[in-house]
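Letters are used for the chains, namely A, B and C, taken in the order the chains are written, and counting of residues starts over at 1 for each.
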Amino acid sequence: MKLSEIAEKLGCQLVGDGAVEILRVRGIDQATRGDLAFIANRKYLAHLKGTKASAVILGLEHPETPLPNLRSVNPYLTFAKAIELFYQAPLPPRGIDPTAVISPRAVIGKNPSVGAYVVIGDDVHIGDNVTLYPHVCIYTGVRMGNGCVVHAQTVLREFVQIGDRVIFQNGVIIGGDGFGFAKQDDDTLYKIVQSGTVIIEDDVEIGSHSTVDRATIGATVIKRGAKIDNLVQIGHGSTVGEHNLLAAQVGLAGSTVLESHVTLAGQVGCAGHLTIREHAVVTAQSGVGGNIDAHAIVSGSPTMDNLVWRKVIAGLPRLPDLLRRVRQLEVEIKAIKTHRTPDTVTDQKDEERNNA
Amino acid sequence: MKLSEIAEKLGCQLVGDGAVEILRVRGIDQATRGDLAFIANRKYLAHLKGTKASAVILGLEHPETPLPNLRSVNPYLTFAKAIELFYQAPLPPRGIDPTAVISPRAVIGKNPSVGAYVVIGDDVHIGDNVTLYPHVCIYTGVRMGNGCVVHAQTVLREFVQIGDRVIFQNGVIIGGDGFGFAKQDDDTLYKIVQSGTVIIEDDVEIGSHSTVDRATIGATVIKRGAKIDNLVQIGHGSTVGEHNLLAAQVGLAGSTVLESHVTLAGQVGCAGHLTIREHAVVTAQSGVGGNIDAHAIVSGSPTMDNLVWRKVIAGLPRLPDLLRRVRQLEVEIKAIKTHRTPDTVTDQKDEERNNA
Amino acid sequence: MKLSEIAEKLGCQLVGDGAVEILRVRGIDQATRGDLAFIANRKYLAHLKGTKASAVILGLEHPETPLPNLRSVNPYLTFAKAIELFYQAPLPPRGIDPTAVISPRAVIGKNPSVGAYVVIGDDVHIGDNVTLYPHVCIYTGVRMGNGCVVHAQTVLREFVQIGDRVIFQNGVIIGGDGFGFAKQDDDTLYKIVQSGTVIIEDDVEIGSHSTVDRATIGATVIKRGAKIDNLVQIGHGSTVGEHNLLAAQVGLAGSTVLESHVTLAGQVGCAGHLTIREHAVVTAQSGVGGNIDAHAIVSGSPTMDNLVWRKVIAGLPRLPDLLRRVRQLEVEIKAIKTHRTPDTVTDQKDEERNNA
C-alpha cells in the first residue's frame, strides 16, 4: 500500500514521498525496508537517524526528518489504526454449528456465529452479531447484548448480564460463586449462597482466565469501557470503574470500588471494602489497604505516595549500613559524654538492647 | 415472607413486629423498605439509626432498637441462612445428557446430573447425587464421592480422589503434573514423571481456575472442609489443612504443609518444604519462607510478626529522612569532636563511603 | 524389581545386595521397606542412619553406608529415571474420536490420539504422534510439530506455531490477544489489533492455566527447552529464553526478554521492555524493574543483589527501634551542644520536622 493511501485512510498529514510502498507496521528499532515505523514517545526520537524504515508516523511536535512521514496528533492511536490496514484476525463462519446444544427456551439474535460444542442454557437472551467460539458455556438466564465476541472455553454463569461489544478472551469465568463463608461454632465454615450477579457494561474487554465473581447480594459490576488483562481476580461485590485498566494478575478482594479511569499495574492487590478514586494509578505489585485519592500515584505494599516510595526504595539497600552507623554514633556520643562528664551513668540496659 | 416466619425458620428470637413483610436480605448501608439487614460487626451499629431496612439481624449483645429485629448468637451465620430463604441457584436437570461421552468402564451412582459434552474416562467411579456441568472432563481412574458439584470446564486428571460434597467452581484443574525437572549435565531440564496423585477430602470447595498439582510421589492433599478461592496454585506434594481458608491468587510451592484452620489472605506465597501450624494467619501479599507457629499472625515478604510489621511499615516512609538525619548527626559529632579535640583525625575513607 | 536390575537399567554402580526387592521410589524421610530412597542434597545425609528404605540412590561423593545403594553422578536425575520404572501415566487410545470436529482443510500426521470434542480449525497442520486430550480447541492456521501432548481444555489461537515434543498441561491459552490499547482524546481506550503471533519451540512445557499472549507485531517466543509452571502470564512480545524455569504465578509484562537458563521463582513480576541476562536467578515475589546481569541472583521489589537484600530484610524489623535511637541521639547531641556552647542556636524548624 502506498504511503499516500495510508495517509488518506488514517486522516494524517503526509510529509515527503507518498509513493513509497509500505508492507507492514513495525517498531522503529526493528523496522526495515517496506516498514512503516512510529514514534509515540520522545525518547525514541534518537532512533530516527539510524532506522531502515521506509516511513514513520510522528507527532505534530516532533522534529523534521528526511524520512517520508505521517503527522498525527496522537501517533500511538494512528499506529494502532495503521495495523488494521495490514492485518485482520480470521473471522469464524456465521451461523450456528450443528453440534451446539442450545436450549429451546434460549433466544439468539441476528447473524450469530456459534461454534462447535457451544452450550447455551434456558432463558438465555443473546443480541445480534454475536460470535461464540467453540466450547463456550452459557448457563441459565444470561443476558448478552449485540456485537460481543466470546472466545473458546469462556463460561458465563447463571443470570449474568453482558452489554454490547464486550470481548472475552479465552477461559474467562463470569459469575463464579464469590468466596463467602460464615464461621460456625465448631470453627468449620458454612457456605454463604451467592445470590447476586455480575453486570458487565458495554465495550469492556476481559483477558484470558480472568475471574469475576458473582456478588453475595446485589451485583459485581464492570463498568463501560474497562479493560482487564489475563489472570485477574475480581472479588464479589466489587466495582471496576469506567475505562479502568487492570493489568495481569491483579486481585481485588470483595467490595472494592474503583472509580473511573483508574489504572492498576500488574500483580496489584486490593483489600476489600475500600475505594480508589478516579484517575488514580497503582504501580506494579503494590498492595492497596485503604482508600486512594483521585489522581494519586501510589506504590508499595502497603501503598504510599509514589514519590516517597521512590526515595524509600532508594534508601532500603543502605539500611544495613545505617544500622552500623547509628551504632557507631551511639558509641561516639557515649565516649564524648564519658569524657566530658565522667559522672554520667550510661543506661546499661538500653545499650544491651541496642546490641541485641 | 413475614419476619415472624423467618425467625421461626432460622431459630432466632423475634423482637418487635413479626408481621413486617421481608422481600430480601441486604447490607445495612444499602437496605431499603422490604429488606432484612444484618449487623455482624460492632462498627456497623452506627448505621442502625439511619437505615431504611424493614428489619435487622443482630447479635444477642447488641443494643436495643425500635426496628423489628432477629437476635442470634452468630448474626453472620444467620444472615447466610436467611439468604437461602430468598434465593436458590437454578438446578440443572437430573439425568445424563445424550452428548456426554462416558466410558463403558465408568460407574456412576444414583440420581446424577451429567451435562452436555461431559467426558468421563475409563474406570471412573462416581457416587450418588453428583452434578457435572457441561464440558467437565474426567480422566481415567478418578474416584468421586456423593453429592459433589462440578462446574463447567473443570478437569479431574488421572486417578485423583475426591470426597463427598466437594464443590468445584469453573475451570478447576485437579492433578495436573507437578513442576519437577532434574538438571542434566548439559544444563537442560529432564521432566520428572509425576507418579503421585491428589486427594481431596469431604466438604472442600475450590474456586475458579485454581490448580492443584499431582505429587511426584505420594499425594497432594486438600483436607476436610478447606475452602480455596480463585486462581490459587497448590504445588505438588503440599497439604492444605482441615478448614483452611486460602484467598485468591495464593501460591504454595511444593511440599508446603498447612495444618488445620490456617488462613492465607490474597496473593500470599509460600516457599516449599515448610509447615504453617494450626490457626496461623498470613496477611495479604506476604511471602512465607519458613515455618510459622500455631496461632501466629504474620505479615511481610519475608514474614515477620504482624505487630512488628505494622511498626516497620509505619516507619518505612521515614527512611529517607532518617538517612538525612543520621548524616546530620555524623556531621555534628565530627564538629563536636574536632572542636573539642583538634588532634583527632577523622576517618576520611569512612566519610566518603557515607556520602556515597 | 530387583535392585540389580534397576542398577543396570539406570546405568548406576551397585553397592551392596542387588537381590533386594524394590516396589517403588520414595523420599528418604518417608521411605519404608521395599522403597528405593534417594539423596540429592547433602543436608539429607543425616537421614541415612534412621531410614527404613531398602536401598538408596547416592552421589559418588557421598559416604559409605551399610544400606544397599546405587551410585550416580547426578542422583536427582537418577531418581527421576527410577520413577519411570514403576509408573507410567495411562496413555489415551490412538485414533481420532468420532466426536472431534476437524476442518476438512486441516492436516494431521501419523498415529494421532484425538480425544472427544476436540475442535480443529481450517488450515491447521499437526505432526506425527500427537496427543490431543478432550476439549482441546485449535484455531485457524496453527502449526504443530511431532510428539506433542496437549491436555484437556487447552486453546491454541489463530496462527500460533508449536515445535516438537511440546507439552501443554490443562487449560493453557496460547495466543490470546495482547493487552494493548491506545488512549483516545476523550480518555477512552482504543483496542490495538494484535497482529502478531506466538512461537513455541521444541521441548517446551507449559503448566495449567498459563497464558501466553500474541504479539502486537512480530512474535512472542518461548524458546527451546523452557519450562513454565501454572498460572503464569507471558505478555505480548516477550521472549522466554532457552531452558528457562518460570515458577507458578510469574508475570512478564510486554516485551520482556529473558536470555537462556534464567530462573524466575514463584510470583515474580517483570516490568516490560527489559532484559534478564543468562543464568540470572530472581527469587520469589520479586519485582524486576530494569535489566538484570548474567549470573546475578536478585531479590526484592524492586530487585537488588540477593546478598544485600538478605541484610536489608534482616534489618527491617529493627527499623522502628532505629527511629527511636536516632531521635535519642538527636536529643543527646542537642544536650551536649547546649551544655558546651550555650550560644548555639538550634535549628527549630528542622527539629519540628523531625518530630513530625
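Assume a residue touches a chain if its C-beta (ideal position, glycine included) is under 8 Å from a C-beta of that chain, and two chains touch if they have at least 3 such contacts.
This one's a predicted model, so the numbers in the text were calculated from it and none came from an experiment.
Interface overlap for subunit A and subunit C, more than half of numbers shared or less than half: same or different?
Subunit A and subunit C contact each other through largely non-matching residue numbers.
What is the size of the turn, to the nearest 5°, that moves the C-alpha atoms of subunit B onto the matching ones in subunit C?
The two chains, subunit B and subunit C, differ by a rotation of 120 degrees.
Just curious, how far off is subunit C from subunit A if you go by their C-alpha centres, in Å?
Taking the average C-alpha coordinate of subunit A and of subunit C, the gap between them is 23 Å.
Can you list the subunit A residues in contact with two or more other chains?
Touching at least two other chains: 117, 135, 153, 171, 209, 231, 249, 267, 285, 301, 316, 319, 322, 326, 329, 333, 336, 340.
Which residues of subunit C touch subunit B in the complex?
Going through subunit C, the ones touching subunit B are 24-27, 30, 73-74, 76-77, 79-81, 83-84, 86-90, 97, 99, 115-117, 133-135, 151-153, 167, 169-171, 203, 205, 207-209, 225, 227, 229-231, 243, 245, 247-249, 261, 266-267, 284-285, 301, 313, 316-317, 319-320, 322-323, 326, 329-330, 333, 336-337, 340, 353-354.
Residues of subunit A touching subunit B in their complex?
101, 117, 119, 122, 135, 137, 139-141, 153, 155, 157-158, 171, 173, 176-177, 179-185, 187-193, 195, 209, 211, 213, 216-218, 231, 233, 235, 249, 251, 253, 267, 269, 271, 285, 287, 289, 300-302, 304, 308-309, 311-312, 314-316, 318-319, 321-322, 325-326, 329, 332-333, 336, 340
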